[in-house]
Amino acid sequence: MQKAVDAGIRNRRQGQFGQVMHRLRKNKVAMIGLVIMILLIVMALLSPWITPYDYAKTSKAERYALPSLQHLFGCDGMGRDILSRIMYGARASLFLGLMSTLAATVIGVLLGSLVGYYGGKVDNIVMRILDIIQAIPGMLLSIAISAALGSGIGNTILALSIGGVPMTVRLLRGSILTVRKQEYIEAAEKINCSKWRVITSHILPNSIAPVIVSVTMGIGNTILQAASLSYIGLGVQPPTPEWGAMLSEGKSMITKYPHLCIFPGLAIMIVVLCLNMLGDGLRDAMDPKLKN
Amino acid sequence: MIRYIGKRLLWMIPVMLGIAILIFSIMYICPGEPAQSLLGPSATAVELAAKREEMGLNDPYIVRLGRYLYDTFIRFDLGTSYKFGTSVFAGLMERKQYTLVVALLCMALQVFVGTPLGIMAATHHNGLWDRVSMFLALVGVSIPAFWLALMLVLIFAVNLGWLPTSGVANGIASFILPCIANSFAGIASQARHTRSSMLEVIRSDYIVTAKAKGLSSKTVLFKHALPNALIPIITIVGNGMGMMLGGTVIIENVFAIPGVGRYMTDAITARDYPVVMGGVLILGLIFSLIMLLVDIVYAFVDPRIKAQYEGKKKAKKAPDVGTAKGGA
Amino acid sequence: MANKEVLLSVKNLSVEYTSEGEVIHAVNHVSFDLEKGKTIGLVGETGAGKTSIARAILRILPEPPARVPNGEIEFEGKDLLKIREEDMQKIRGKEISMIFQDPMTALNPIMRVGEQIAEVVHLHEHCSKHEATEKAKKMLEMVGIPGERYYEYPHQFSGGMKQRVVIAMALACNPTLLLADEPTTALDVTIQAQVLDMINDLKQKLNTSMIMITHDLGIVAEVCDTVAVIYAGEIMEYGTKEQIFHNPQYPYTIGLFGSLPDLNSDVERLSPIDGLPPNPADLPRGCAFHPRCPYATEECKKEHIELTDIGGGHLCRCCRLAEIAKEKGEQK
Amino acid sequence: MKKFLALILALIMVLSMASFASAEQGASIVVGLMGDPGNIGPFQGMGLGRIGILFTTYEMLMVKDGDEFVGCLMKELTQVDDLTYDVEIYDYIKDQDGNPLTANDIKFCFDTAKSIGNLPKLSAVDSVEVLSDYVARFHFTSLAAGDLESLLMECPIVTQAAYEASADQMATDPVTTSPYRVTSYQTGSTIVYEYTGNYWQNDESLSPSTSKHNVDKVTFKIIPDAVQMTNALKTKEIDISAFIDSAYIADFTAEGGYSVTAIPDNTSKYLIFNTHVFQDANLRKAIAYGIDVEDLILFAYDGVALHCKTIGNNKYPDYVDAWDDEEYYEYDADQATALFAEAGVSNATYRLIYAVSDQNTAMATAMQADLMDFGINLELIPYDSALFGNYKYAENDEWDLMLDEGGSSNLLTNVWKLSLDRRDQTYGKTVGYVVDDTLQSLLEAAMADNSPENMDAFHQYLKEQCYEYGLLAAVNNLAHTTVVKEAKTCFRGQILPGACEY
């Protein structure tokens, strides 16, 4: 008896965000995803000390060495140990991938909720600007950014995240449009909650789901795109390893030495998998109807 | 509704102008030498400078922008490609059918394979089918397109010899592998999105009402649940179509398909200004039209959105009177 | 009381939900009968399991979390829990239909209101689309909504209007049994009265028997013939309306009436039942109400108490009825 | 769902069987090309794709066949004075539409090419004068050694009548004097040539290898992806290609039915020092000694490339063979350490810029690894080719070392000229910003007369100063099936389908 009551009280005190986190912690799958993500981040941070070999040490003897005991993932075309390059490469790939996905999501959600909430003029103007931006091929945008603002991590993240913003805005706008006229939104407005509160605690939780799915799916090719940026002065310069670059380097040897591509590909897949597990968990936690 | 569409079509003009000015400015500040790619690697700087002058690339920004806008919007002449010597429009038209075939086939695969996968995953929430299809979807999204393409070629073309390795000479057979490779990511994201929005919808009260009316589970799913879950799915398909029409460079490169994607990317690397600017304008136009179509389909699917499009005056809220005769 | 023929007989029905590892016993061995044309009221606080009983009867409980471990639901010679899904689908909406509590979300937001009614008519009446539309328009008129509004969408209707549509939908194929799950809770009082009148009229006209789920004793008085007081998923007291209203035996029922504002007695403060309903995950031993029951003694806590008939079909699940009657006698 | 999949698979089987059944008849060959020729009109530039189809589509006045220069359309070449030559063409040349080719057409071609400006070398042709129907007089502005032949080889010749009749300046359907005519042009995918049957030159002895027509039908297939080029050859969708990735060469020699030949590529790779940064010759030499070219060849080209002894490979007629056994900064760790000490440089960071490609990245990474042993940290900055051009052709301090490449179709001096001739850069210095009169005068002497003495003088001086360090020359691997008995290539290393033996 008491237990139910306490649960009830505690929930009420944490407020909405606390409840979502509370339910998220209960979701085993999401927690597995979170744990692996944390492990990967820790591995990336510690990589300079824990990689079995120096990621840049080339060796003629071990060129294209197949996975063996000394080299778990084998060696690439320059005789460098792939496992160490993946561990060290996680720094660049994870950082770039996560940061630009985060930036794209934050900007996208902000813009999307503004567009969804106000509609009418604001909606039209912002969406038309997005049409314009989305017409420009991503590569060109990145070259322009690199030319105008110079290279550097900040501009790389900007170049990588610009591509993701329009998609997030469109998705959010779509689902807000359905929710916008619901009775509970009007009710919230009638008891004159601040606009910000209406958006964050009423509109967003009920319309964020498609965005979570698209963002967690998008991280995979954000990492791949980071590789193409190194040719235009942005992103990571060789020989610092980066998963996307390792994949494109291994591309020409795909039929003869597939292990060059398999392991970086697997690394990206694991990141996408974890994020999706987390994303699903988050989305289920946000939907109170979901008890199971 | 027609008024809304009319307004949106009028908005196309500022959008096209915006794209033209933006793409021109990007190409203006974008470093790199069109002359270089034209004259080949063994050209010397003096020759390059002469060529730049001859191509009118040294005039000030405003002059070149004015000339470009005049050519594009008044004379509708997108200019001729430096590299190909043929008009940009003709270049695009020649290549559009290949990109169109790949785009349409991939979108069809995405919709007709992705959506059912998503629905099945949603209806068996946390069941085996849900886990399996979602794992496949994740693999589909994180596999780089070129890797999948080359693996498919290795198996079906080189070892089994069923299909051609590349090129467009063998009719539909040469498009099978490219479409599978290209649509894998699309199917994956379609399935994920369908599953997510179906999960949202399946638990709502009107689905229980539908069941209580004695409808079969199939009817409940396809007549009540799916239509309500369509909005995010339409956005994905619309956006995917827009991207696909711009051509998918990786697939076109690997399968040697002379599509718009390759034409545009080669133009960007070679700084072939007319092609880049012309191509971006036309693709931008197509993209905006598709986005308009998406908004129209929104209104078609969901009357609440339609009401918001038509603005406040038309869609009146029924006054809460409803007394009428009150009961028998 | 002429045709005492029983339309529906629920025997020993239980419903469990599993959530986050815990098993929640929403309904525990409920049994009751319903005669043709009659209305039974299921009364109790929210969360007592009333809705689960109704949904179990119509078999629309969400299968993965919910489960019906035991029980039989006799309806026109068939046990609704055992028959095939296809046959159940023929019954839903035709023989048995349901009115839902929250009209705001009960209608499909993107389907025209009339079509949602016509759909059930077309499904069960095997008539043409056109006939179904006409029937739907007639039903709309019947519930006080102008026929022309057939083509409008739910978001263009107010709460009360939507509830009328739900009712029209439920009664479209004039069902023999109507499950009304707190049909008026979401409505304001004036609309509530109209809806209740309408339900009563339709009951008279179509001789529909009904299970009225409510926590509003006023509605019970106005609509129901027999009453079952539900607490923690169990029927604690059952009897005709008169027996329950005039001679409530079970302390919880008494408490319910106690918490009613009585116009002619000048009591300033209401006397609510203190405490909260038990956590369905671990129900108290013996009589479920004993933690909150003013008359509770050790004996109530020991073992489960059976329903005993205290005269004329008036059942009650309390072992200290005599003492309570005595104490109540002294207070008067 | 399973029924649906089975249906799809059956459909694929049927479709693919049908499409493979129709094999081509008659002697024909399918050539794999890496670059897309794009516009195959006569007066376009010399991009990678175009040189692949140039000699199948057009004929020139002269052409380099093997090591000597022979006339093609040209019958006689008589010198009038240092800068004036008379070119006499055969009087019975007709193009595929039957238009006769006269001296007027020759003048028309050179004038048009000069005005379009995509063939920069032609700026050395002052004017072309028509003396008689079949004799044209060429006035040149300057003629360095080898320029005469390279200019007469540079411009494809078509009749004015045919050129003006074509709607798109022969961009997709050229009418030329070549034995082959384009019968189908599918943009960016395939170009098919067929032998016209009425080639004007019936005296075999007079027509060079570039004008031979030993096969009836030539199909050029454009395959931009290296791995797919290999796959296409494996499935015999193409019969021959000069762009097989060195890693896959082993697949073809082992299996029966293929033969592989290595063709030295014209372009060679060299390292340019930014002399603002590397003023001290010892420092430049230290870096040259510190780089092991064998590593570069192994990592970037799987061990299949030529170790250069100067700027440019040893295939040119004016190459002095003695250089081969001379010492040329071969890897010598002690020498490098000593020189670094002498130059007083212990650990420094230098920026190496290069045009991005798999090979260049591998070479840069290998150089970085080698120099790391001497405490020199190389920062690698890759740029795409257009961006790279920006930094190469301007005086800027965005780079310290530059991995560049250059080539010429005829003479070693032309390779040197690209990066070392002050007159060619807008800022009047070499690409490495060298202002050295001796270097310039030695280069001009060698260009005027490429006698071994002049060549050697320049080479030794350049080696002594080490302004630039020649690294390696790549090799194109040409592989073909048994459809071709023996493959022939032109001086640019491109396949001549007409000249192969079948």
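Residue numbering begins at 1 within each chain, and the chains themselves are lettered A, B, C and D in the order written.
Rule of thumb we're sticking to: contacts are C-beta pairs under 8 Å (C-beta built on N, C-alpha and C of every residue); 3 or more make two chains touch, one makes a residue touch a chain.
A quick note: this is a predicted structure, and the numbers were derived from the prediction, not measured.
Relative to chain D, the most remote chain by averaged C-alpha coordinates is C. More C-beta pairs touch across one of A-D and B-D than the other; that pair is B-D.
If you average the Cα atoms of chain A and of chain C, the two centres end up 49 Å apart.
Chain A and chain D have Cα centroids lying 44 Å from one another.
The distance from the centre of chain B to the centre of chain D, each centre being the mean of the chain's C-alpha atoms, comes to 39 Å.
The mean-CA centres of chain A and chain B are about 21 angstrom from one another, to the nearest whole unit.
Residue positions of chain A touching 2 or more other chains, listed in rising order: 143, 178, 181, 251, 254-255, 292.
Contacts with at least two other chains are made by residues 31-32, 125-126, 150, 154, 158, 203-204, 302, 304, 307 of chain B. Residues of chain C found to touch two or more other chains are 64, 109, 155.
Interface residues of chain D facing chain A in the complex, by the touch rule stated above, are 226-227, 230-231, 245, 247-248, 295, 298-299, 356, 358, 361-362, 364-366, 368-369, 372, 379-384, 387.
By the touch criterion given at the top, residues 56-58, 60, 63, 77-78, 143, 230-233, 237-239, 249, 251-256 of chain A touch chain D in their complex. Of all the residues in chain B, the ones that touch chain C in their complex are 125-126, 203-206, 208-217, 224, 227-228, 301-304, 307, 315-320, 322-328. Of all residues in chain D, those touching chain B in their complex are 1, 12-13, 15-16, 19-20, 36, 38-39, 41, 44-47, 117-118, 120, 123, 168-169, 171-172, 186-190, 221-225, 227-228, 231-232, 234-235, 237, 267, 384-387, 389-390, 393, 405-408, 414, 417-418, 421, 423-426.
Against chain B, the residues of chain A that register as touching in their complex are 119-120, 124, 127-129, 131-137, 139-141, 143-144, 147-148, 167, 170-171, 174-175, 177-178, 180-181, 209-210, 212-214, 217, 220-221, 224, 247, 251, 254-255, 261, 265, 268-269, 271-273, 276, 280, 283-284, 287, 289-290, 292.
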